[in-house]
Structure formats: C-alpha cells, structure tokens
C-alpha cells in the first residue's frame, strides 16, 4: 500500500484535505512503528557525529511541520516550548543557529515521553489546520505538507541507518528486532550485462509527470549518453569477498588517492559491520550478528570501496545519467522497508532486465553530486534542503531495503560523501559497449 | 549519622559481619538516592570523556564487588552476564582490557532497569557472603568490602559532578532537584590569616589511628615545614570577581605557561558554569541557574585559575603538608553532601580557626601528586587504584559539598589534572610568615 | 617563444632527438631561472603540507627522468645515491613507498648544492641517451621525455605558487623579485555577456590534433550543452570587494555547507594574501605587499568563495564543457609566466570575445573532476599521474599568470580541492540564456 | 678551562668589565663553534614544535642581549631591524607577542648570513657597552650579562639536542661530525649502592656561595630527608635492554597511566633514536648510526620510561632532595660537552662514591618541578625565565654530555615534561635504606 504518491495529481487544493490528513497519519504512524522496539536508552545514543539519537529524529520531523507550516499558517498555534525550535532545527541556518550537531547526544531533556508529547501536540495542530484550511494559503500549505511527509520518510530510513549504527557499537550485538522477514536462500548466477545505445537523453523530472520530487531532481534537461552496458545486478558479497581475498584492501593500485588514505587511516579491511568469528565472516544486521550471505548484494561500502572494486574488476561505476536512462523504463518494485527484511537479499534470477535497480542497496554512481542545469533552490530556509550540499558528495540511486517504497522514483538523487558507509550502500558495474 | 567509620576498629573479623552488611546497605542505598531524581535519558549521557553516564557508575560500583570479592570468595557465585566484566571495568588493565572510556555513552544495553537488576543481584550475593563468611578469607574479604564501600562513596561524589556536567550541557538548564537545602545568606568579612611556626611534622596516615585510608595516604613520614600563614577561609566568588574585573583572564602575567595556553585554547573568561544573563553573572547549580553568591567560595576553577589568582593577589597556594598540618587538629565538620546544599555556601564568621577546611570546596594545593616516601601500591589489580595516576596531577584537600562526610579525613589526598574544572574545586591562599 | 609544442607532430622518432634535447634544455633552464632569486634558506621551507620546499621540486623533477626513463632505457646509467629514489618520489606508490609528504621540509641533506649536482647528473645522462637512442625504445623514450617536460612545466607553476606561499609566511613580506613587469593601469568596464546556443558538442582532446595532452583530456566524447551565456571577463577584485562589503563572508545564505564550515573554521574574510593596512586592502604578491588593483581579476579564492560570490550575484559558475566549447575557438594567448607579471592584470577592454580565457587566473568551473567516458589511465606507475585524484576536487580551466604559455591548451583540466586557495585561482560567471 | 664561573665573586663592578668581555667572547665563540659543521640548509629545519631551527637559536641568544641589555643601557644603540624583536623573542609574552613557536621553521629571511650579521652587530654593541659602562647601571648590566651568558650556554645544549633531532629525521642518517672523541670501551660492573642517613637537610643555593644561579635554585630551605640508598651509577643500555626483552614496553603493569597511554599512542618500543638493523640495536648519535654500547648509560628516555624501569626493577627514582644531598659533596666533574664525546660513555669502575652524578645523562628524579618555599621570580619579563613552567614537568639533575661544564652545579634544576625524550636524559635508581 502506497502512502503518499497515491494522492491525486490535482490534490493541492482544499477538497483533498481529508486525503492529506490520512497520508499524514500513515507516515507519522510508520515512524512510530519503527521506533516501537527501542528502549528509552536507545533513543539517547549518538554513535558518531553523522548519527542522530532517535529521540532527536522523532522531535526534528515534528519540528519541521511546526517551523515551516504551523507557525506560519495555523491561525492560533501555541508553541509547546520555545527552546525546541533551537534544539530540533537540523541545519537550517537561515532559520536560526541550530544546536551543534555532534552534541545531540548530550541532551537528556526533553525526555522521550516529552518528545512524544511534542509530537502529539504537532499532530493535533496539523489535524486542526487541515480541517480548516486558510483558503488563501491552501496550495502553499499542501505543498509544504507534501515536503514534510517526504522529509519524514527520509528520516524513517535515517532511523534504520542510525539505529543499526547505534546498536552495532555495543559489544553485546543486540538485535533491533527478532522477527524480521526471513531472507530467501538461493543463488544469483553469473553476472550478466545489458547493452544500451548512444543518444541524447532526457534527464531529471518531467514536470508532466504527476507526483512529488525534490528540487534537485527538477530542471529536466538533455544529456548525450554514449553507448554503454550495465550489469544485470549489484555486486554480491561473494564477489566482494574475492576482492578481499585478492588483497584488495592491501594494494593501493585500485584506489583513489583519498580512498587509499582513508583505508590506511581507518584500518578498513572489509565492509562496515563485517567481523570474522571463528574464521567465518559475519556481519551485524538489524536482526543481530549473522554469517554473510554470499548471494546478497554487498552493502555498507563506501564510494571508495565501490570504485576500487570496479578498478580491480576492470570495469567502472555507471554515471547517474546511465542509471536513470535504464531505470526510467523499469517497474518501481524491489526489496524496500515494507518487505521487512531490512537487509539486502539475493536477487531472483532473471534475464529480462537489470534486477534490483530499486531497493536492496543504494547504488553508488560515478557522478559527483552537482546541480542540474538551471537548478533553482526553494526560496527561504527550505532552499537549504538540498542545494547547499552540492560539493564533496557522490550520487546514489535506487533506494534500499530501508527506504519506504513510495518515497522512491527513478529520478531520485541521494548523495553521501565518498567515505560514508553507514547508509545501505552497494553498487553495480558498468562498462563501455 | 556516619556510615562506615563508626565501625569498631577491630571490625575485620567475622563477628562483625552484620555491621558490615548494614554499612554496605547504607552506602548502596545512598547511591540509589542520588540517582532517584534522574530520568532514564539522563542515565545515558556522557558529556565529555572524563564524565561517565550515571548508568555506568551504577553498574561499575557493583562490578567492583563482583570482580574483587564475589568471583574470588563467594563459593557459589553465578555471574549474570559475562559481558558486564568487560563493559563495567573502569581502568584495571591488569584485570583485562576495559571498554574504551570515551565510548561509555554509546552503550544503551543493558538498560537502566537491567543495570539495577545487576545491582540487586550483587546485593543478594554480598548478603549471602556476609551471612556465611568463609573463615579462611574473612580479613581479606572485609578489607575489600571496606575498600568497595569507600570506592562507592567516591563514585557518589562523581555522580554529583557528572550529573551536574550532563545537565549543564542542556540549553534548558534543567535543575537536578528543586528541593535542595536553601543556602544561608550572610557576609563573610575580610580575609584573615592564621600563622603557624616552622618545624618537622608528621605527614600521612598514622597507623595507630583507627579507620580506613587509601594506600596513597600511608607511609607516615617526616617533613620539615617552614613557618607559614594560612587564610582563614577559601577565596570567595566576590573576590574572584575582582580578579576577573582586573583583567585576570586577559593578561598572561599571572599564569603558568600551560595555564595561559589553556585559557586561550578554551576561551575561558570565568569559572566553569558561569554565564552572564542581562549583565549579571549567574552560574548553573544542581538547583538550576541562579545568580552567583558573592560570599560563597569560588568553585569549579582549575589549578591554573587558582594559581593565577594567587599570583595576582601576591600570595600562593598552600602545600599539602601545610594544609594537613593545620587540618589535623580541626574538627571534621563542614558543608558535605549530607547538608544537601550540593553547592558551597558562605562561611560563618569566626576568628578561632581556619573555616571551611572540610567540605564546601576541594582546595587546590601547590603540591604535585606524587607518592609518599616508601609508597607501596596494593598487590594485583587493586594496585591500580591510585598509584598509576601519580603524574601530571595536583593534590586537592578537604572534600566538598558533594562528598559524603564520613568519606573524608585530614590525610585524604584527592587529585586532578591542573586544567580540570568539573570537580567542586576552589582554593585557599597561603603566604610566608 | 614556445618550448615544446613547436616540436613537429611526427617528432617521436630518433631523427628528432636533437630537437628533443633542445626542448629539454630550455625547460630545464626555465626551472633554474625561476629559482635563481632564492636563497638556500628559501629552498628549505615547507609552509604547509600541500607546499613542497623548492629544493624538493628541483630534485623531484629530475627524479622523474631518472625513475621513468634513465633507469629503464639508459644502457649504462649510474645512480648517484640510492636514497634519492625514496626521498624524491612524490606519490607514485606503485613505484615504492614515498617519503612522507608533510615531512619534506625536515630533510636538510642532500643540500641545495648536492641537489643541483644530482640535477646536472641527470642532464648529462639524458643528453647521452638522446645522443644515442636505443632504436627499439625510441617511441617510448620520447613519449616519456614529452611527459617529463610537461611534468616539469607543471612544477614550474607549482614553484611560483609555493615560493609565494613560503615568503608570505614571513612577517617581513619579502619580495621574490623586485623587477617584475609593471602592471598596466586601466579600467575594465562593466561586465558583458556572450551567448552560445544549445547543441551536442565534442569535448576532450581530438586525437587528430597534434600536440601533447594528459590522459585526463583524452576520450573525446559528445556532450549536450544547453544554451548559456558566459561573462566576457573574470570577476575583478573591485567586484569581489562589493561582495565582502555586502557581508558575503558573514552570511551563510550564499555558501555551500562545507564552504561555510570552512569560512568559520579558518576565519576567512577575504581572499588569501589579502591584508588591511591603515584601512586599505593590500595583498602579498611575488613583488611584495601592494594595494589591491580593483581592475585585476580576483585571485587566490577557493571554489567555495567563487560559488558563494556567484550565488550572491544571482549567477553561477560555468561547467567545464561550456568553458571548453567557448575556449576551443579562441587564440591561445594571455598573461602567462612569460609576461613576467606573475600576478593577474586588468583586462584590455574589448567586445569581440570573452577576454582572459587563457592566463591571468585559473577559472573554477562548476564541474567536479571526474573521468571522461572511456578514461584509461596509463599503465604502470605513470597511471598514477592523474586518475587517482578524481574524487573530491573541482576542475579549473585556462591557466594563469604563473603557467608557462606552451603548457596550456583549451582541453587542459586542472583540479584542486574546493577549499584550496594557494593556486592563482579566480573565476568567471555564467548564466542561462 | 672554565668560562664564566672563574669570574671573581665581586666581579659585578666596572673594574672587571674586561673580564666580562672576555667571558662574553668565549661563550659567544663556543656557540659558533657548535654550528660550524652545519650547512645553511641544516640551520632551517624545525623537526618538531619543541625544536627550534639552529638559525633561530643563533638569532635568539643575540636578541636576548639586545632586548634586556642594549636597548635599555647602551646610550646610542641602533637596532638593525625592528622585526627581529618579534621574530626572535622566544616566550617572553610580557615583552610582546612572540612569533608562533611551531612556525619558526617557516622563516627563511633573515638568511643565515644576515643572522650572523645581526650577531656581529650585537657583539660590537656589547663590546662598546662594556668598554664604557654607564656607572649608575653597572651592577644591573653585569647581572644581566651574567644571565645572558648562562642563557646562551643553555642554548648551546639545546643546539646539540636540536641538531641531533633534526639530522635524525633524515633517512640518510648524516653525522653531525665525523671526528668526535672516541668512546672508551670497558665494563661497568654490577650495580652498587651507597647508603645515606635520615636528617634535616639544606636544599637550594646557599647565598654565601659565590657563583651564578637561576631564580629557581634560590630560597635555600630545610627538608627532612628519610634514610635512603642511591645507585652508584645510572642504569645502562644493557640493563635497559633486559627491560625491553622482559616485555617492558608491552605490559601496562609497570607504567603510570599517562605513560602507558603515551607508549600506545606513539608506538614506543625502545628509547628514542634506537633502531634495529639486521637484528642488532643501533642508535643514532651525533657521530652517525652506531651499535648501542651496553655499558654506557641509557639515554633519550622519558620520565615515563625511567619510572617504568624502576617499577619493573622493584626500585624507584630518587627525589631531587636526595640527589642534591649526595651531589653537594662531590667534585663537579664528568663527561660534559668539553669532552667532545657528545654521547654518554661507560662509567669508570670505582667504589668510592656514586659515579657519573655530573655529566653523561641528565637524571630524571621523582620530583615534580615546583617552586621552592619563598620562590620569587625576577621582576619584569625576565621573571618569565623559569617560574611560568612550574607545572606538568619533572626535575632532572646533573647535566649531560652536551652541557658546558661550567654551566653545571649541584643545585641546578632542569625540567622537562614527563614524555620528553630529545634531551640527553637517563636515570639512576634509589631505594629505602
């Protein structure tokens, strides 16, 4: 069941307020479901500066609705605590100086219970607002509702990423849940290739298409894409193991200079969360510590590792234009958060089309994250949503096993610095035709 | 009412096991009372590497009894979870590699409830052991019980220090408790001096005295102490304010070289926890943010600040031998944790003897923390208790408003690095006669 | 007079060995001319890890000929000192572990005189080799000679950059030379724009063209370039001053997130080398400290500053494809090292075509430095020349006032991290048509 | 031949100006002799922040005479360059903000030649001043001359230390000199002990004694010293090797907590400058890389290593009072800089008194560097000479093979942080009687 994108294309008027309220309630409930297995203690941990305590996520996504909708458009909105505006702003510096990100784990008050009260307070106010929409602002309010819901879905994936990272610090390796969907066990076969001809392609969101997109996907434009071939599935754990066994982490030959420096500085010798127990490679998953499934896509690798593997294999990563050209014609289905594996799984053999383009793992592309031609960021503080991160990061495509399915689309541009590994990130090979 | 030191001097035999159990229960209950106002979220925070999450303290002091008594002497002790031995060892490297100190805030499991279950498990086992003492180990067990209780009292003070530091990170400035004992309001008068003659003095614990001491107080020895004068009370907030207003933090003239470098690097311009609100100096206390009491001893200053003040005032800090020479003849009374101020208070005017030698604030001395002649550390892991910290630290004397009263004595040697400020540390001046 | 590119296109055979020798001697002499004004003490300084001591440059460019030509192809080559291979390898890790880059300033021996003796030793051996070319390796040797000469020209520019940075550390602001060519003094007029239509363009080196290129320029391919406008000259110091006065360095609004973090961490409030004296902005140049020329292109700005200025001005930086599309049709002339200004100068007014595309300042583009389609790095250690730096860097185009003119061409791709400022880097605006 | 201390005790009047000039010339010439083997390149290196480039030493010791004597007392002194006052001030912050210490290696101008011209300029002015002493300031000038000469002697030892550290960075291991005095080769015999009774001792400089002392030696006072035994020679390389072979660097048991952290962080497994070549321990000396002499005192160890060895051996380090009590009665002779070994040598067997108390190696004591009772620092900037370093450092006694002999005396207090190893520092054991 889809949460948001089943809203009608003309839903930005007040006659659809009820549908918006239902969508809002579904998304908000999903966030709380994700946090249900947590203890209050889990809510407090910030395991590295990039990770936020779950309590902070819970509060921040609520703050987003308060700061960008309720304060501006709710005629009688009462703030619960003025300090929250400072504590739960993430990075909107034009909105005010945010509380220092690396210190989010220092803040024990408001407590988890208080944060949930804040959350309920926001929910009531949003319900009031949607039940009595100020006519002159309907479109702007609903546009911001839409952004707020997609924002919250992004944080749902971040919650999975952060909870995994938090629990993984613990030498007890506690499972987040014991009842995750069991992973299918089957082989994936040899890597195959699909070939695509050269040509000028449309890249970016087509404004004729219905549905929400972020500002960074807009600005549909032409790109000339040379002929290329794309692997029919991501690289698996088994294949990546061959790279490890071939000394991939020991030889600088395959690595970007910054990548090799990172390998040395961090002591990397496997993907994140891998650990050898009694001679067998295990990895920590949201279901606990388990042996690595050699047929599943490799996950929690950095761009540096993806690129080094491709160099070693004599191939390369696809560009985001290549990826989008292929993905645009595929059905949007795969192993998403709804499948409840919360871990990539072995691909079902098939020769028809590239498999696992959506879901399972975010796929590192060879493209740096830069604006599309004619990129215009949103006005005001919301303009900080995407644009200001357009340096030092690489694009990933396709969503992963922790992404809500209806958050994904072929034009979606995710991005992380090349050393980041705590996202569910893998990769797929490409080569010239 | 005293907790431990009212035990009879010959209490290290099995006929006193009941008294030991009562002492144990009193000390353990005091720790839990200190934590009673905390939320589970507060238990999780590590606000700097020197601070431990309260949950960790609660577990560690229990681990101490398990590691050093129960595992060795309880004939049928069952460990609750083998991982705890790794997680809750503080720094006893000869016992095993401890979990990295700066990461204590990363560990959400065991939860607070589970840690209290661990605590209860230890309490039951200790009770069993004391009720049926193995005759051949009675002295060793009771000696270690005694050490374990003093160890737990040290952590009681650390809990106050750490809780204060944790809550102070929060821009909401939450109070730890709203019902602390009100501070007396009165002046303290001009600083007076008491003079002491030169002579050879006994320093360190006299083994003829009853009562527990740490290894670092033993090795009673002779020191020649030149004639000196000692201030009749610690320096007050009001006096320290004059130093601030005279540009004390702006001029290198008064500072040790390392101290001045710290002032610049940390941007210090007042004691820790001080903040100006609407032009008035306030400071964060365990009762919340309040205006600074100009008659109370200045607190939360580093050795560098104490020394710089003394230089500015044309005086110096006393040596620990001078301090002990004076303190030995005074009654052990003062503003301790039992007074429930949890903040230093203005001294009661009196010309008879130096005031506030005990309690209120730990007093920085001018003595580096080094072993007494003939110092012998305890054998085994317990030898790590004190001896290995005897470099890079300065001695403080007298206890403070967060110290349990019966934990204190005239020979007690506390120590911190010269830059540390999160202890309740102040100072008293001395000068030549 | 051109140094290298006047070699005939078919010069990679042994009949042209004499011409190669002359080219070699000209390039090598130019390096020594650059260093002539230096004292031995200047040769030793490493003012930051990115900077190398001039002594090291002098040795390293000689090492390049030894490691990649003489050792392999000179039939009787005698190495002077085996340690030099370790000391003067820059970053070719597949050749051997290089001496740690940040420690280059620690090495006083070999002395400057000894390094020049090493240089002369290499020169003699190269002369011997070119006078008696082993027939079976002629093409490979001359191809590597060509690369070696371009490599040395790159280091000529690096020498200017590094010497400037080294002398700028000195509070005495010593001039590198007192006899630089005087800068022309005239206005540059309002900023104008040239418009270019959309279309599919060839990007990268055309193999039909004669002349040397680096591997990163090869792989000529098609790109679709949307219609755009390009500023007719770089942004000037005067225009950049307006940005400063408008609070450009004080407001996060215009900055990339990483850029703003850098501004705060580094305390930037002007381009590198700028300093206010008696209320007037001066900047350090190779001729000493002088008032800023408001008509000259702004120089020594990072990509972050270039991008922030463009955001503030409501424009953007050009892509490298846009830049190359325009530059390909222009004459390769400008203010290069040969003009002996060693500082950007005011553009000569002209409406015909974009001015100063070549020379004066390297122009930051909006393009991340990534491989062209089909990029293949050179085999062996020489493959480390460019490819391994293709992450975390931005492309700059056009050369600068410190670049040897015949080192430059329209397809040349220079690259630096977005925070780097010690290159002679400026920028030019672009916008949509 | 003694340089300074053979001045008559009543030499602080103008009739002795000629003798002062001769002493000045001898000390200044000695500094230049030390630097004679250096290349200009060697003069430039700062191998770590604690090390200063030799060029800086040469200039700084001259600056000392300018800043504290010539500017104040020479009636017509002309400064050579006002910038030198900023560049060559070491740490006298009350004199003005000094140039940042870690950046001393960045300053290539003034050149070595110019610095020697500055030096000659100072020498001429001092000669003028001493030839025509202003009568009203004779005592103050000569007192400062005396301090200036002792200051320069301290820098002579620092020059040896720094030159050694600088050349040791170079993988070529260049020798400072090839013609050092050959070391004697003989055994030292088993370690013996001398016993001393308890009693009240005078510690510090006796003002009745003639001769110069620093402010930190003054304030003669009484200390009660318990009975003790002192080893009859320092610990040798051979003995220290046993500690290494017994796993001394691998077990935390013997180490202070800060010491163990340093061992781990720095990867220490032997004294500084030790390296294994073909299975044999060598160490870098000012004469180049040579096998370790097992009979010579161990050198270039930190306080942490000295203390760990003592713990391992079941002994301890002496206090500075114990050391001084013994040394006061011994002849001031030993292996000093004048012996021209510039490396500690095997002790000559003798049972009469502790050997090598003076010279060879500075001996770490167990005493923290703190002021003596009644310590008063000099007024003005000269008060920064010693006093401000009295935290975080340990006292060393006795001088070393790089100390000018007439710079040494029994009351001399040297000091370094407990982790420092680049001084010629060793140690001697003590124990209770």
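Note that the chains are named A, B, C and D in the order they appear, and that numbering of residues resets to 1 at the start of each chain.
By our rule, contacts are C-beta pairs under 8 Å (C-beta built on N, C-alpha and C of every residue); 3 or more make two chains touch, one makes a residue touch a chain.
If you want to know which protein each chain is, UniProt gives these names: A, B, C, D = Ergothioneine biosynthesis protein EgtB.
A quick note: this is a predicted structure, and the numbers were derived from the prediction, not measured.
Q: Which chains lie in contact with each of chain B and chain C?
A: Under the touch definition, chain B and chain C have A, D as mutual neighbours.
Q: Please identify each chain that touches chain B as well as chain D.
A: none
Q: Express in whole angstrom the distance between the two chain centres, defined as the mean CA positions of chain C and chain D.
A: 47
Q: Centroid of chain A to centroid of chain C, CA atoms only: how many Å?
A: The separation of the two C-alpha centroids amounts to 38 Å.
Q: Taking each chain's centre as its mean C-alpha position, how far apart are chain A and chain D in Å?
A: Chain A and chain D have C-alpha centres separated by 60 Å.
Q: Among the residues of chain C, which ones contact at least 2 other chains?
A: none
Q: Taking the touch definition from the header, please name the shape of the chain graph: line, ring, star, complete or other.
A: ring
Q: On the basis of the stated criterion, which chains touch which? Give every pair.
A: A-B, A-C, B-D, C-D
Q: Flag every residue of chain C that touches chain D in the complex, lowest number first.
A: 39-47, 55, 83, 86-87, 99, 103, 105-112, 166-167, 169-172, 174
Q: Residues of chain B touching chain D in their complex?
A: Answer in residue numbers: 91, 93-94, 198, 200, 221-224, 226, 252-253, 255-260, 303-304, 307, 316, 366-368, 370-371, 373-374, 388-392, 394, 418, 432.
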